[in-house]
Amino acid sequence: MATMSDAEWEAIRLTLLVALTAVAFSLPLAMVTGWVLAKWQFPGKFLLETAVHLPLVLPPVVTGYLLLVTLGRQSFIGSLLESQLGLRMVFDWKGAAIASAVVGFPLLVRPIRLAFASVDPRLIEAARTLGASPRDAFLSITLPLSRPGILSGCVLAFARSMGEFGATMMIAGSIPGQTRTVPLMIYAMLDTPGGQATAERLVVASVIIAAAAMLASELLQRYAARQAEGSHG
Amino acid sequence: MSRESHLQFSAGTKYATGFSVELAFDAAPGITAIVGSSGSGKTTILQMIAGLVTPLRGSILLGSRTLYSQTLGISLPPEDRKIGYVFQDYRLFPHLSVEANLHYGLARSPDQKLELIQVAEKLQLKQLLKRFPRSLSGGERQRVAVARAVLQSPALLLLDEPWSAVERELRDTMATWIESVVEQLSIPAILVSHDEASVARYAQKIVTLDKQ
Amino acid sequence: SSSADRSAQSGVLISAAASTRDVMEELAADFSDKQQLDVRVNSGASSALARQIIEGAPAHLFLSANRDWAEEVEKEGRAAQIIPLLSSRLVVVVPKGNPAGIDGAADLYSDKVKILALAESQVPAGKYADEVLGKLQLLSSLEASRRIVRASDVRTALRFVQHREADAAIVYATDAKISSDVEVLFAFDERLHSKIEYTLVILTSAKERPGALEFAKFLQSSQAHVRYKQLGFTPLFEPVDAK
Amino acid sequence: MATMSDAEWEAIRLTLLVALTAVAFSLPLAMVTGWVLAKWQFPGKFLLETAVHLPLVLPPVVTGYLLLVTLGRQSFIGSLLESQLGLRMVFDWKGAAIASAVVGFPLLVRPIRLAFASVDPRLIEAARTLGASPRDAFLSITLPLSRPGILSGCVLAFARSMGEFGATMMIAGSIPGQTRTVPLMIYAMLDTPGGQATAERLVVASVIIAAAAMLASELLQRYAARQAEGSHG
Amino acid sequence: MSRESHLQFSAGTKYATGFSVELAFDAAPGITAIVGSSGSGKTTILQMIAGLVTPLRGSILLGSRTLYSQTLGISLPPEDRKIGYVFQDYRLFPHLSVEANLHYGLARSPDQKLELIQVAEKLQLKQLLKRFPRSLSGGERQRVAVARAVLQSPALLLLDEPWSAVERELRDTMATWIESVVEQLSIPAILVSHDEASVARYAQKIVTLDKQ
């Protein structure tokens, strides 16, 4: 890795920034969505589910295209963001983060939903009799017992973000040092004479980052499990 | 006998399976036992008192507080009832140590009249405080469940088979201690137990639930 | 984020068709060094680049692989000037050594070519190829016999030949140059397709951005002229030498 | 939908074929992998995890490129498949199915792993004392209790397959009526003058299929839940 | 008394927490009780017999079969031991109906000497066959656990507090029935119970486990 160029380091830095931002900012919404899907029953619930899964079903380029239309300068949201907050999404790493967040959202929600659904409701009842409000019981019982699922969702969404190409390319473009994330750079290098070596280095770097993420999640999981000596009381 | 902490229960409910139960009784401070055969609805009664099963009719009053009233449309959420509940199936929190389990209700209680360490000592749990529920024996789990419910200094204590998994000697220790706690806090305790000896010895009143 | 934000506020940004990425990045680097000005290249499919510009991407110049997308941008009122910059030849490539023994255009519809790789019809290179095959009256029979594989871009079409999965591909002469695993069999007569015209669009936003117009001029300099030719492009302009 | 052309119907048929084949064939391997990850502890386990997640981390185009290199005519495997079995993967729907299976694999494994890990081992012990071999206990206890997780993984992988573009395009190309799946066709139509309508119809069709999949999984889930009246004994 | 179905237990183990237990006893066909205070290791002994906890030393023989032997390096997997185990925490299969729970061991047993319907009737479970464990009362669950273990016609029966959640009357019904089953199958049963009355009345032999 001694031979990595500045541009490659910049792409890696950018990818990490985008992936972490995407996961961090979509996590709260994913938890709310996971909760609603796990605990509420309402007619047409599968429509919400479909909506959540849309970014997975649609080709990423289409998702990117829709984001471009939604957040572009000509759109209501885009113009509002720019005039009120001075935020521009198109050709910006923040746009790339939004693309990653949207594309990774279903991967984040599913395991969280499953985890919430499988927490034994009798434990929640016990917490309530011990003085915990529903919110308190969620934070002190449901949340820690759902840690493996939440972690799982984060790992999936993070990994997906590391490889996100189509949607990012549409909204953020591929500007070296600015929005050219690792996948975009790999793609560019694949077609460049002499770019093969760079592409290979970047693939290796992605793999290493992914391995680090797995290791981290594995350790966190083991730590949590040791804390609880297994989750079956 | 202070009216302030008197339980007046008169309610009934019905499960989807068709089973229905109905009961009316009063419980003054001290231990009131509910006895009845397996499946007669004892646990269901306790769950109605705790707010975990909603009655279909009637009312439940604790001192001057209305816990449930069909006519008034009142049904306090469980966390506002200040009721300590020892579940028949314990329901310890698997991700918390014994100490954290005991601390759970204590930390959420406005008036902490009992000390964690002293209660743990009484119920022979002191050696287990750092352990997790998974590695406890049946009787140990049961004692943690009792300690956890009592430690929140409740206004009413529900005990569903609280000593079914311990030997006679420990059972007497537990019963005597609960008797003293109930007296100290001046609250009613509802005891469900198939152990006739302890019911006869410790209950001031016995309510019998017939299978309907 | 800081460096990225700064350059977005001060530098020049050109959105360039994927097939011109290498030469644009090279010229941008040259110009940046000389002028102490930051020029960045955003590359992608011309269609995507045009849409991004229409949706407000902060680019100052746009090099489209054809005239259509340039005009699309103009229609939306984002173009200040349109300059035909480069042309190219459309060629047939086959795996090195021509294993199928393809002889000429007539062989494209023969048992020698079981798979012919083309870019998708909406990608400029694919559109030109369709025109050529249409004029040669080969397109519908090739399509009917399912011998045409469409690639998402022209480089992927090339790659299919590199890996000998396709027997031939129609690509730009400039693409053929980047791979040593393929050989150019022949170039099509330019009259068989509409003019290949890489079109430089000076966007309205270029006027307020110092250096943008200078870089546009640099793209038409004699130094650039030489580079284009080396890479297989045909410049459509007379060098106007910027100082 | 009365206006859908034959080519569009053909793309939909192909996409369903590819997605269902991909999920059906990768499910057994995903279960084995999920089991190993859930139940075994071994040094360097995170390396296996990383390998499983690679198709998520790498841009799909890169995955497709690697598949092309691995299964292509010039490769050992590819030439073997062609000479021995007469099977061609490149430019074939089977190649598209492999691409979908590979890209969807991490999405399939994660929820399954989580589900296996959260089955109470005390129930397995009980089954063993009742005469069940480990395999029997897996089939009669672990598997049915893991149904929500397995279903979840299948839904994710199926949805992902519906939207798979990059890897499919690389290995299967885009031959109308032969390997042009819905995402490839949407891509082709997106920028084609007059193609917008087709693209929109296909997006709508994708959404409807996804909704149907969600509805099916929801119903299956509810059915399974009714069977068990909840999973907390 | 047939040697064929005699349990010879002489083994010990130790938990990571430091708790260790060691015991040697024989059990002939009929009911042998193990008594001892909460946490003294009764459940641990049963788990060693069933093959769920591996002893650190000693041997466990059932008739002519070696279930475990440290010196011979033998440890039969649980499914080959033919031991019916009523767990202290029941462990009913949540996804199976009561009937399917009862059927589970029966279907996997080579010799089916008992009828599901008759056992269900004896333990007053007939009304519950279509129900799922989740909606059963504590005593109902316990009876399903007992019926499930007995129905596999085991060569040895382990009963960990099998009637702690039912009233005296039902307890006697259960105990009398188990006594007769044990006699019919001519197998030993190991009973762990804190109910001194039923131990005194039904156990032919009492082994006392001291806290170490």
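When the chains are written out, they are named A, B, C, D and E in that same order, and each has its own residue count from 1.
The rule is short, and it goes like this: contacts are C-beta pairs under 8 Å (C-beta built on N, C-alpha and C of every residue); 3 or more make two chains touch, one makes a residue touch a chain.
A quick note: this is a predicted structure, and the numbers were derived from the prediction, not measured.
> Out of curiosity, which chains are bumping into both subunit D and subunit E?
none
> From the centre of subunit B, which other chain's Cα mean sits the farthest off?
C
> Does C-D or A-C have more contacting C-beta pairs?
A-C
> Please work out the Cα centroid separation of subunit A and subunit D, and write it as a whole number of Å.
20
> Give, as an integer number of Å, the spacing between the C-alpha centres of subunit E and subunit C.
From the centre of subunit C to the centre of subunit E is 79 Å.
> Taking each chain's centre as its mean C-alpha position, how far apart are subunit A and subunit B in Å?
45
> Going through subunit A residue by residue, note those that touch at least 2 other chains and give them in order.
In subunit A, residues 65, 122, 190, 230-232 touch at least two other chains, as defined above.
> Of all the residues in subunit B, which ones touch at least 2 other chains?
89, 135
> For subunit C, give me the residues that contact two or more of the other chains.
none
> Would you please name all pairs of chains that touch?
In this structure, the chains touch in these pairs: A-B, A-C, A-D, B-E, C-D, D-E.
> What residues of subunit A sit close enough to touch subunit D in their complex?
45-47, 49-50, 53-54, 56-62, 65, 106-107, 110-111, 113-115, 117-118, 120-122, 148-149, 152, 155-156, 159-160, 162-166, 183, 186-187, 190, 199, 203, 206-207, 209-211, 214-215, 218, 230-232
> Can you name the residues of subunit A that touch subunit C in the complex?
Checking each residue of subunit A against subunit C gives 14, 17, 65, 68-69, 72-75, 78, 88, 90-93, 169-171, 173-179, 188, 190-193.
> Across the complex, what residues on subunit D touch subunit E?
That would be residues 122-123, 125-133, 136, 140-141, 144-145, 227-233 of subunit D.
> Could you please specify the touching residues of subunit B with respect to subunit A in the complex?
50-52, 77-79, 81-85, 87, 89-96, 104-105, 108-109, 132-135, 148-149, 152
> Write out the stretch or stretches of subunit B touching subunit E in their complex.
Touching subunit E from subunit B are residues 15, 17, 35-39, 43, 88-89, 124, 131, 135, 137-140, 143, 160-161, 164-171, 194-196.
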